Structure formats: C-alpha cells, structure tokens
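Note that the chains are named A, B, C and D in the order they appear, and that numbering of residues resets to 1 at the start of each chain.
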Amino acid sequence: MTAMNTSFFGELLQSIAERGRSLIERKRERRPAGEARTATFVELCEALLSGRGEASGVALAREILASYSKLKTGERIAFFEALAESFGPDRARLALACAAYGSAPSDEAANEVLQAAEPRRQELIRRINLAPGATGELVQMRGHLLDALARRNDLAPVDRDFVHLLGSWFNRGFLVLKRIDWSMPAIVLEKIIRYEAVHEIRSWDDLRARIDPPDRRCYAFFHPALVDEPLIFVEVALTRGIPDAIAPILKADRAPLDPKEATTATFYSISNCQRGLGGVTFGNFLIKQVVEEISREFPKLSTFVTLSPVTGFRDWLNRERRSESPTALQPSDAHALSHLDDPDWFKHAEKVAEAKPVLSALAAHFFLIARSRTGRPIDPVARFHLGNGARLERINPMADLSARALERAYGLMVNYRYVPDDIEKNHEAFADAGEVVASSQVKKLLRTDAKQTALVPAP
Amino acid sequence: MTAMNTSFFGELLQSIAERGRSLIERKRERRPAGEARTATFVELCEALLSGRGEASGVALAREILASYSKLKTGERIAFFEALAESFGPDRARLALACAAYGSAPSDEAANEVLQAAEPRRQELIRRINLAPGATGELVQMRGHLLDALARRNDLAPVDRDFVHLLGSWFNRGFLVLKRIDWSMPAIVLEKIIRYEAVHEIRSWDDLRARIDPPDRRCYAFFHPALVDEPLIFVEVALTRGIPDAIAPILKADRAPLDPKEATTATFYSISNCQRGLGGVTFGNFLIKQVVEEISREFPKLSTFVTLSPVTGFRDWLNRERRSESPTALQPSDAHALSHLDDPDWFKHAEKVAEAKPVLSALAAHFFLIARSRTGRPIDPVARFHLGNGARLERINPMADLSARALERAYGLMVNYRYVPDDIEKNHEAFADAGEVVASSQVKKLLRTDAKQTALVPAP
Amino acid sequence: MTAMNTSFFGELLQSIAERGRSLIERKRERRPAGEARTATFVELCEALLSGRGEASGVALAREILASYSKLKTGERIAFFEALAESFGPDRARLALACAAYGSAPSDEAANEVLQAAEPRRQELIRRINLAPGATGELVQMRGHLLDALARRNDLAPVDRDFVHLLGSWFNRGFLVLKRIDWSMPAIVLEKIIRYEAVHEIRSWDDLRARIDPPDRRCYAFFHPALVDEPLIFVEVALTRGIPDAIAPILKADRAPLDPKEATTATFYSISNCQRGLGGVTFGNFLIKQVVEEISREFPKLSTFVTLSPVTGFRDWLNRERRSESPTALQPSDAHALSHLDDPDWFKHAEKVAEAKPVLSALAAHFFLIARSRTGRPIDPVARFHLGNGARLERINPMADLSARALERAYGLMVNYRYVPDDIEKNHEAFADAGEVVASSQVKKLLRTDAKQTALVPAP
Amino acid sequence: MTAMNTSFFGELLQSIAERGRSLIERKRERRPAGEARTATFVELCEALLSGRGEASGVALAREILASYSKLKTGERIAFFEALAESFGPDRARLALACAAYGSAPSDEAANEVLQAAEPRRQELIRRINLAPGATGELVQMRGHLLDALARRNDLAPVDRDFVHLLGSWFNRGFLVLKRIDWSMPAIVLEKIIRYEAVHEIRSWDDLRARIDPPDRRCYAFFHPALVDEPLIFVEVALTRGIPDAIAPILKADRAPLDPKEATTATFYSISNCQRGLGGVTFGNFLIKQVVEEISREFPKLSTFVTLSPVTGFRDWLNRERRSESPTALQPSDAHALSHLDDPDWFKHAEKVAEAKPVLSALAAHFFLIARSRTGRPIDPVARFHLGNGARLERINPMADLSARALERAYGLMVNYRYVPDDIEKNHEAFADAGEVVASSQVKKLLRTDAKQTALVPAP
C-alpha cells in the first residue's frame, strides 16, 4: 500500500465516487444536464439511506451537501419534489401496518405503524446531518424550501419533516444565551445589523448606541452547531418608567441612564435571524430567560414590558371606516378620523390632539374585541405575547412616527407586560378562552357599549 | 407590585406550585408516600404536555428533573411504568387514523397516522429537555431505564423512544472531537480514568503515560450540552509496524518513539463513557475521524489498525473441547490444548510453544467460520469493526496475559485494519453476505478442510 | 469585630485615608485648590515610596491613579514638575558614592553609584504599577508627559525614566502577535480604524475590505497588561509582483487574488497606537515576525516589500529649486518641474509624462545622496526601514495621488524590500557607514555626476 | 531569488551563523571543547549587545538560549563568571562620569552616571528576553545562578542584576490571580502537587481534597509570559472559628463545611514555585488579593488568619536549655522540658499535659522577646507576616505532629491574623520599631518578668 498522504475521507470519497461512477454515468448520459445533476443527487441520497451510508455516511453526507450547494433554483425545486415523491413513507408497509393495528392493536403494532409512517426523508435528513457543518446548511436548505413552498403547496409534507427535525435539534436545551455587546466579534455584530427587522440599524455607530451604553442590553440565542450565527435576538432598554414612544430610546446622542436608577426593562425589538428556522419557536424562551438574566444583574428592577409595533390596525380601521355597519366606529369619530387622510396629519398638533383619543379607544377595541376569521386577535405580535403569558399594558398613540409605523398603525405602539405571577394564568386565559388579558387602563379606553361585548369572551 | 428581588423563574415556579398544589395535595393525601411522589411527578408531566407547558415549560421541566433526582429505584420504575402505560400513543386516534389510511391512502392520511402513532412520551421528553442541563439528566434517566429493562421487558417501548430522541440529539453533526492530553482539565481526565473499560488506567501516572508522550494520542467526542463529559474515547499508539502484544504499549517506563518514525497508528482501546447512551452509536465515526485527524498531523503514516481484545473465544473453544462432534477441533489438537488446563500454562515456554499454533488455527476458525445462532461472528468486537468496514488483519496469540484476557481468550488479541479504499467494499461484504474479510495471513491459518467451508459464506 | 461586608482593599484604603488625613488636610488648608490637589497627590507618592508602600502598596497605587485621573492639564504639569524636582536621585548620596568610586573603584562601589544615581521616580513608577490596570494608565500618563514636553524641556529627565521602564515592560518577549480579522471584537477593530495613520480607514466597510478578503492580512502586537489595546499594527496585501501604487490596493470593489497565486507580501501601512509608548520600538520586531507568520502560511511567497510613503521630498525639492546652488537640480529640469506649480498637474497626462522621470531621478538623489544636518537620510520612514535591514527597492512616482501624498512628496512612494539573507549586512552598512543599500534599478536613476558622489558614502 | 520555503528567522539565523563562523571558528580551534563552548556563547552575547543585535536581535537571542540550554554545570558557571567580569559597567566611562558629577552635579551629569553605572549585562539580559519564551528560560538561568551563588560570592553582582530585572518584569501589575480548582489543566495541577512545600500533597486524591470541596480554596499568581506555570500559590480552608491544628484541615475523609456557615478563612499553606524568582516578592500581594477575592465571594466572613509553621523554635529552646544563663527558661521548667527528650513524648497524654503550658509560655518569649543577631524575630515566617501587617494571634502547641514539625518546633504552630484596619499600623510598628504586634491572649502567655522586657522594644 502506498503512503496515505491525502486525507482519509478524501480517499474514502474517491473510492465511493469510483464505485458509483459507472452506474451513475450510464444513467446520466441519457438526460439533459440540469436533470442529470438532480438525478445524480437523488442517487447519492439513496446511497446514504442504504447500507453504504453506514460505512461511508460522513463522506456521502459531505458529497450531498457539496452537490446541493451547486444546484440552481429550478434544480433545487426538482430535488424537493423528489423528496416529496420518492422519500415519503413506504406506503405498502404502512398499509400493512395500519391493517395489522386495526385488527389487533398493541404497543408493538403501534410501533410498526410509527416506523412505517415515518417518511424516509426524515432518516435521510438525519444522515445528511452527519457531515461537519451540516446543520447550518440544512437550515439554509429549509430556507430554500420555504421559498419554493410559497407556490408549491405539494411540498408541505417535506417542510413538515424539516420542521420536525429542526425543532428537535434546536431544542431549547441546546440553545446558549449570549450577551451581545461591543466586545463581540464583528462577524456576529454585522449579522445583528443585517437581521434587525423591527427598528432598522443604520450603521455601526447606530449599533454601538444600541448595545454599548450602560442602560442597554442585547441578548441572542446561539446553537453550538451554528458558529457565529445568532438565531434570534432581543434589544432591551433600561428605563425609568414604562416608555410610551420609540424615538427617545433610539436617539443617537441621548445621555445614558445609570442602570441602578432604572425601574423597568423594556424589550423594544426582537428579531429572528434564520429564515430556515421559521416556525421553530424560541422567542418565548428568549424573553423569559433574558428577564431572568436582567433580574439577576439588577435585582431592583420591578417591571418588564415590551414596546411593540402594532400590525393590521390601519387596515382594520380602514375597513371599519368603509363599512356600512362598522362594529367599533361611532358617527362622532368621523371628524377626528378624517384628519388621518392628510398624509402629514401627524405633524399638526391640533389634528393629533383630536385624533389621539379616538385612535386610543379604537385600538382598545381592535385588541380586546376585534377578531380575525379564526376568532383570534388580528395582530400577530399580540398573539405572540398574549399566548406567551403577557398582558396588554398600555396603548401608546403617536409612539412611532416612522413611515412604516404610520403605514401599519397610524404611529401606534403598545406595551405588553410580563408579570411572573400571572404568566401562566394569562396564558391559559388566552389559550383556553381566547381572552385578552389587559390592564385596567386599557380596558377603560373601551367605550361603554364595547365593554359589554368584551365581557363575553369569544368562544 | 413589590420589587422583584428573586429570580424570575423562581417566582414563576412558586406560582405554578401554588396553583397546582390544592389539586395535587388532595390526591396525595390518599396515597402512601412513595406512590404519592411518583403520582405527583406524573401529574407534573401531564402539566408539561398540556397548555401550561407552553407558558411555563422551562420552569415545569426544571421541577420534573428536580423531582426525578429524588426518586428511589422503585419509584423510578413506577415512573417508567407510567411512561409505558399512560404516555403511549393515543390509541383511539391511532385506530381512526389507520382506518382512514386503509380506506384512502394519502400523504395527509399518512401524516395523521404518524402523528397519532407517536407515543406522547416523545413530546414529553422533548419538553423536559427545555430545562438547562436537561440533556445530561435525560441521559442518566435512560441509564436507570436500562437497569430496569434488564428485568422488565414491558418497558422496551419506553426505551425505544429514548433511543430515538437521544439518537437525534447526539447526531454526529453535533459531536465535537477533542484531543485529550495533559493540558485537559482534571475534571475531564478523571473521567477518562474512570471510564476506560478495556485496559484499566490504574493511576494518574498511568494516565499520563497514555496521553502525554509524543507517540501517544487520545481523542474523545463531546456534546455541547454535556460539559466536561466525554461520550466515547479512543487511545492510539504510534508504532513502528503493527504491534502483536499489549504489554509493550502499556509499559510504564518505555522510551517514546519519535512520531516522525512511526509507520502505524494503533487504536488499542475504545471506551464508551455514558451508559445512558448505550445503543446510540458513534464509535465508527470516532475511529474514522481520528484516522483523518492523525493523517493530517502525520501525513506519512500508512497503516491504521486496532489491537483488540477477543471475546467469547475461550467459551467457544471449551464447548468445542467438550463436544462429541466438534466442528473445528482435530484429535491431534488434544495434547496441545490440554496444557490450557494448567492455570499457569502461559508461564511455561514449552507449553506455550505447543499451544500457540493450535490456538492460532482455532482462532482463525472462530473468526472466519464459527457463527452464533443468529449467523453472525460470535465476538461483538469483531462484529463492530467488520461492520465498520475494517478487515481482520492478524491473530496474535499470547498478546495479553492479564487475568481477564486469559479468561476470555487464552491471551489472544487481534488486529483489525482500516484501509480507506476498502472500507465500503468490506462493509458491504459483511453486511450483505456476512463475509468476514480477512488478510491472507489470517486465511492461511485455517486448516485445509475448514478453508473449504469458508469458501461458502453463510447466507 | 463586625462583619466585613465591604472589600478588603476598600477598608484598607479608608484606613490609610483616615490616618493620612489630619496631616494632609492641615497642609491643604493653606493652599489654593488646584495646588492643594497636586500637593496631596505628591504626598501620596511619598507615602508609596515609604515604608507604608510596603504594607499598603496596592491600595496606595490605586489611590494615586484615581487622583491622577482627576487632574487637569495644569495640575498634571505641576505633578510632572514635582517628579522632576523632588523625585530625582538622592544628590547627597550620589555625590558620596561618586567620590567613593573615584577613590577606590570596585563592583560594590559601582553598584552603590548605580543605586544612588537611579532617580527615585523610577521606583515610584514601579510601585504605581502595583495597581490592577496600572500599566495602561501609566502609558496614558506618559502620553500627557509627551504633550507637556513639547514646551517644557526640563521634564526630559522624567521622560527618560518613563521610557526606560516602559521599554523594560514592553519588552519584545512579552508582546503577543495576533491576527486582526473580521472575527475580532468590535472594541479592538474600532481602535484599528481610529489609529490607522497612513491610509485613513473611512468606515467599517473600508475596514472589512482591509482585513477580511483572502489576500489581505493585518497583524498587531498586544501586551497582556493592556487588554483589547493594540500597540502597533501592520496591514499586508498579498500581490502578484511588487505594487507601484496604493490605489489598486485600497480599491473598495476589487476582486481578491487567490492567495496561492501571490508572489509578494506587501506591507502597505504600519501604525503605532499608543502615543504614550512613543520611543519604545517594536515596529522592527513586528515586520520580522509577520514575515515569519506569512511565510509559514504561504511557503511559496518569495518577496517581502513595503509600499511606503515618502516624507520631506517636496520640502527638499522646493529648497533645491529656490537654491542658487542646488546640489541635485540641473538647468534642464526647470521646465518639467515648473509643471508642479500647477496644483492640478497630476491630472494632465503630458505634464505627468514630463515630470515623472525628473521626479524619479531627483528622488534617487534625495534618498541616496541628500542628508540631514545630522548626516542621515532626510525621510524618517527611510531611516526606519534601512536601519531595520531593508534595502530601497524601487521608486514609484505617481503612486499616491491623495492630497497628503501630493503635499509631502508629489505623489511619490517607494518600496523597501526585506531579504532575509541581507538584513544584517544591510543594517550594518547603514548603521556603521551610513550607506543606503539600494537596488540597481534605483541606483541607475541617479545622474552620472551624482553617482560619483554616491560612491563616497557620508562619513 | 529562490523561493523562501523555510522560515524567515531560520534563514536569518543561518545567515548570522555563516557570517560569524570564520571569526568564531578561528578562535575555537585553539581551545578545549567546554571552554570553546562557553567562549562562543560569550561571543554571541557580545554580538547581541552590538549593532548586530539591533538587526537580528530575536534570532540572536534564540541562539543564545539554545546554546545555554546545552551547557553543563561547569560551563554555566564559566558563563556566569564571564557575565561578572566582562559584562559589568564600563569602568573608564564610570570613572569619568563620577568625576564630572563630583565637579558639577546636574541632572544630566547624574544621568550619565546612571547610564555608566548600569552593568552591560542588564541590557544583555533585556535583549535575550526578545526571544519568544525567553522569560521562563531566564528564570531558570537565575535558578542555576542561585545554585552557583551558594559557593561563589563573586557572582553576587550578577545576581543583583537578575533580581532587578525580574523584579521589574514580575511586577505585581502583570500578575494574574487564578483560582486553582478541579477544572484546571492537569499540567498546572501537577505543579501544585510538586511545589507544595509546607504540607506535602501525596497524591492526586490528596490534591483533590485540597482544592475541590466547597470549603476549600486555592489561588495562584501567574505571569502572562510563563504559560501553565504558577509562581506562588496559597491554600485556604473556610472554617468555623480559628483552627488550632493542621490535621483536621488535611484529613482525607472529613465532611466539608457549608461555606455559608464559615466565619473564618484560614491560609494554611503558601508555597513559591519558581526557584529562579527567589527574592522577588509577591507573597504579600497574594494574601491580600485572596482576602479580597474571598471577601467578595463570602461577604459574611469576618476573620482572616493563617495557620503557620514555626521555624527555629526547637533550636532556640535547645540553646536555652544548654545555656548557663538562659534568658527565658526558669528552673521550674526543667521537669516539663525533660519530657521532650523522649522521642515519643507527644504520644503520652501526661507528658503532653505538663509540656504544653511551658511550651506556650516559651513560644511567647520566642516570638515577642527573643531576637536574632540582627535584632529581628528569629522565625522567618513571623518576619514575613508581621512585616506584611499581620499580628500574632494565637500560639497552638501540639498543632502539627508530623516529623518535620516536631523537629522544628515540638509540634507548635501559630496563627497570624490580618485585620484590614490594622495592617498599615502593624507594619509600621514592626518596620520602624521592630515591635511584634500580638493579641492579648499571646501577650498573657508571657511570664511577668519577660513582660517587662517586652515593654521596651528592641531598638
């Protein structure tokens, strides 16, 4: 045997490649290039699932990922199609297993059903994850799948399997919370800039103003298999009292507060970083762990709130205004609301003065009474925090005068508040009865007639 | 609200506890203490699976693990029983799903079968893993389950679910290879001492002799969620030629070889560290990655072999000797084998001289021809390496004169050799046809008649 | 005794403060505030040098640094004056020691002279360095001293002692070379932006273009006592051939070179970071160690050069042009040089074409023949690299068209080249004989008459 | 130029070597081998101090250290002699400088004296420290020098320069305090075992019992230039009350104390690790910083004491017993002291009962009144802690029954106590007036007549 001067896996791979070539090349000849590429790729996947995968799993998984990275959009979709069609459950086996269970249910029969029902692509994806660095690439693959899914409903079963496996791998127990501050590597910080989805970070100076002053905190979850890649992060301002507007928080040249004088931790931005992890939730864990982290550092902080954007309010209000039988609007609102038709309404003090109380009252209606067709609050941010056990603490008109916030909610923002003692109770009220738990100051904003409606929670 | 001067989760937990107490305590009163403890515990598990788990998952998971850690053996078994009985699949739903699939198979119907067939304990274990540090405690829990399983076959379905989830979490892609050397923390090194299962490490000096000299290497896999806990490790000696005995490798005061002069890396010990991960395989990955690692450091190394113990040879040989129609023994072997009945046979040069060739020939038979009732090689170490793509390279009589090795195999050891080009081919030969790939020098040891048998591989 | 719930050093300090207060306060009453502050401060220094310093050294050193940080400019100068006047050598003891040595020279007598001659401020500065973090603050103090020194020549002896001690503490053996890349903490990277003194880094994107591409390297020296503080750094471009202009290197959107194809490492910027370490040299060590580092990474690189700015050429040339008996100018140069009086000359191809050869010839004269009043090359950058053992490799007219480079050298840059075999020889030629070692292509640029002059090196 | 495929410094070194060879080899021929080796070595040192050192300093320094490491004992001494003779101050220059200062003292003249008086070996040692790793090797070199110094008083001036430079480099400001616990690398821990000089650590289990239990702490100082090399360490037991014997602290199978219940931190062992740093003090800093560290971790601890061995007591007592006019002994002591002549006296309860009070009284005399010829307390440990600002808290007879402690002090140990408020006062009392500050319980042990003597402190 000659000296082994290339890498072990290198040789192994070459050996695999040579053994497979004749078979694969013969098939390849008969097809156009793109199709051939996908086809070869599918053959590699079959090999990985077969006995060869047991001997050469890591090498095959590397090869698959290397091949995948060269696929173009169309070829990727062809691959997802193949996953949907050829790597589903073994239907014959499943039919038998179902029949067997039907005639004689038992643990063993149930297990056989379980094994037969599991799509083969689950094991395939698990084996691809053998390769070093594979987890990150599978997350990207899932991002591509999400893109395709928008127009290809038939790929939903494939997505289900990705979500199942990613959910298991990105289990809360594996996530590591890290504080993001100015001593973090630039390679991480640039991702914070890029991924901030709520209040854009415009520059490195802007970033520094968010993470470096003593009254600011930023935390992110990381996964050990995705080095230097934050999964989700939250930005926190330590404040005196509950803030009612975003501008003072984002102001560039403000004087920082001595954190010892703060009473409140305000979560003013939470952003997901990995498109491919959409649907795998860790936002709720992040908030709760950051609350714990900050409580440990500043034991005197008494209040934990968000300052959150509102989504869907403007659309809902416009529908109300256009409706012949509005549920929330009163005739007397018309004048105040007419100001909103002036694109610059928010710059005129008197228009603002008239619009504010009406917007507040209608926002209370929007959150407490209005419901989507599925019977849930319209605003997804509300659904997230309420489902998470927070309560609606305060409605803040004129809180965000950015174009986007005006566009979405006439500048309205709200605070959700996390009170440890109430989290579980709030969550159950929302999950079981659809009840939106709100502070008395929010409830008071409701008009009398609406209040009565609100007493009967949606079923 | 008063100042929050205890931890967030602390309060959350207290709140959960208070909310659950009345219900739980009422039930508890009617039962004896141990039973009550398990029962409470099961109720916590139900809570974690319920909507409450969504709001207070981390706190509940912590509570469950804290409760579990206080259970005694009997209580643990009661808990595993509960997992088996009360946390299996939803049988009614599964029956319906099977019927539906039977009448109209489809992706959706298959998915409903899959969801229904998944035992509820899988999701339970996933949610317990929400707690920080949970993964390590779940591995321990699985260790306890394995203990119980020895006498409680009915717990096998529970074990299946543990293995499924641990297999996913301890995916090769998440494992981190680290070199174990003298700069490692003592807290890790003491575990190497404790877990070495093949050739006992008797002291810290002994450990140092294994990991510190320039011609020795030790590598272990770690998982990010199990800090300071090696999962499996392998000890390697860099040697000139393939070693035929263990004593020169373990000798305390030997002069180390300049690793540049080594031709061979000998894997002489591989030990699993976590009982709770039994059945979750990473040994094959470890060997291959260490081969790659060492190849990178010493590109001139040409040979990668093991020096492995042999298990079951003595038992097999004794059965042969007692048998009226032995398959491998020849009448002429009797004299040489009679020496083995002297407990000190290995100390007498002339007895050794007579026994050696007979032992070698019979060992060749033991590996190449003898099979267990399931038709596989008798020695589990052989099954591991052959299934892994290695070949049987050499049989070394008198290679290990320790009491254990004499007891198991009359002092015999063997080398398995990993040749990158042949790994996949060897694996397939073994997996598909049950063929034991061996070097010509091993094959030559077979007696003529046995060789003919060996030509026809077991079906 | 009551519980010790404040820090040990806290109490110690309080105790020191109380013991010292009566004395100090009495003195303080009689003086104006600023003077009193400096005076108190000097008293603390005396205490640190006294027996009290032995018991409470760390606490006193902390106090001194805390007091220093509150001084204003005038007060600082007063403090430096005190160091100059009151913390010099013990003159009486020194006079005795000198007399004793004069009458009977011996090792012991010499040592007594050495002890007596050492200014007391040396021991004072050593003791201030007892406090955690003191080294960095002493470097800053030296920076302030340099500022004062500009107009206060009498402080030079104080500076000498700072340089002596800092030189010992910032010994090459303690410096740690680190590669500066995009995975460095932002807190370090922002200092690279701030301290770059040769080719300004305008933004974080600009920084990234300097350190992140595969054909760029940046290295800095750090000292263990100055965390996150680079001392000096060098920026390197891997290039094909020796570059003759800076713009292609700094270009934002250039396509990076595959470093395997590079032949040359070009050091195009070297910047000191700590004003307070002025005069403590590590630039030469940095270049040589980076050459070694890069050679290890890319063994095929054959050429190590700088692309350096030229300082003083324009001033010298202007003096030549104004001079009635110029040493380098010839009448025929007048026309070409007259173009330079047009501020936009460098934008006109024909003017450039005429000026270039004349500038090159005169630059050769400037480097090879012209000398300062102390008989050394006029350009300090040249003195640095030549003294360091490099040779003058090439003169590049029109190499840097930035305002600063035009202002200093009509856009001229040069390459110095480091050839390992020649470094010591070159250094000795320069140090012993003042000879400027240059490549033949540089020498050829000299006009015939100048060449003769050049044959006779300056004494 | 050919490709540069070896290291830069490698070539540089080769070039230096070649340039120097002819000269050096010519000289070498005429001398015997050992002498030649030292001579070559001295020449390298001269080269490093010369201009060549400026260009090739790092390479030369490496070469010098490599050469030194090959010297044998005799050759090393020859090298130290050369340092003493040939690398002292420039005597002619010094004579001139002294004369100049004598006739016209000035800052400049004083500085010239200082420069001239500095032995050339100081700069040499500084330049050797240019090489990577040099600091550790210079510490070892100083260790060799100390060995030689035992019999070679003429090397004292060389040692003085080593101490001066090492004192500057091992400045408190550069030292890093680290907790030594079970998560430390074995390579560090084995040095703790090896260097423990007070109460031997017999095994790794013994080490673990010292550093791992919750009521034990161990801290060491490290220097950034000496990786994995502790300089000095201290072992601390958290105890309830001030311990009066060592055995309960070192007991292997004791039940650890919950550190929250501890009142006292007892420093029971402090050991220097680097022979070459003898005379460079950091013990006092270590104790004070560890007190601060522990105070931060356990704010309720109120008492910081040592449990220290006593040195010289037995010798002193024997001198007293042999003396015709003892200063401390009374005739009535004779009977009790006669027990001590039985080697097994400490095993007999009644002998112990009689000896104890006499030993205590005489120990009080030993510490409070007896003095060495230089007028200081006889016990060096006492001098260390008293000079450090501690007070003598308690005398503990029968505190250590190990052979060594019986040999040195008839089993006596003492507690020194560090009270933050008193440290400076105590230090000054001891340093200025030679007063041994002691607790009232220690003073009470003195006999009446001795007390009177004690009132008049030694001058």
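The rule is short, and it goes like this: a residue touches a chain if its C-beta (ideal position, glycine included) is under 8 Å from a C-beta of that chain, and two chains touch if they have at least 3 such contacts.
Remember, it's a predicted structure, so these values are computed and weren't measured experimentally.
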- In contact with subunit B and with subunit D at once: which chains are those? Just list them. none
- Message: Farthest chain from subunit A, going by mean C-alpha coordinates, please.
- Response: D
- Note on the structure: Whole-angstrom distance, CA centroid of subunit A to CA centroid of subunit B, is 38
- Quick one: subunit B and subunit C, Cα centre-to-centre, how many Å? 60
- In whole angstrom, how far does the Cα centroid of subunit A sit from the Cα centroid of subunit C? 51
- Name the touching chain pairs, would you? A-B, A-C, B-D, C-D
- Mind listing the subunit C positions that touch subunit D in their complex? 1-5, 7-9, 11-12, 15-16, 19, 51-52, 54-58, 84, 88-89, 91, 94-95, 97-99, 101-102, 105, 107, 110-111, 113-114, 117-119, 126, 129-135, 157, 160, 165, 167-169, 171-174, 176, 224-225, 284-285, 288-289, 291-292, 295-296, 299-303, 387-389, 419-428, 431-432
- Contact footprint of subunit C on subunit A as seen in their complex: 182-187, 189, 203-204, 208, 228
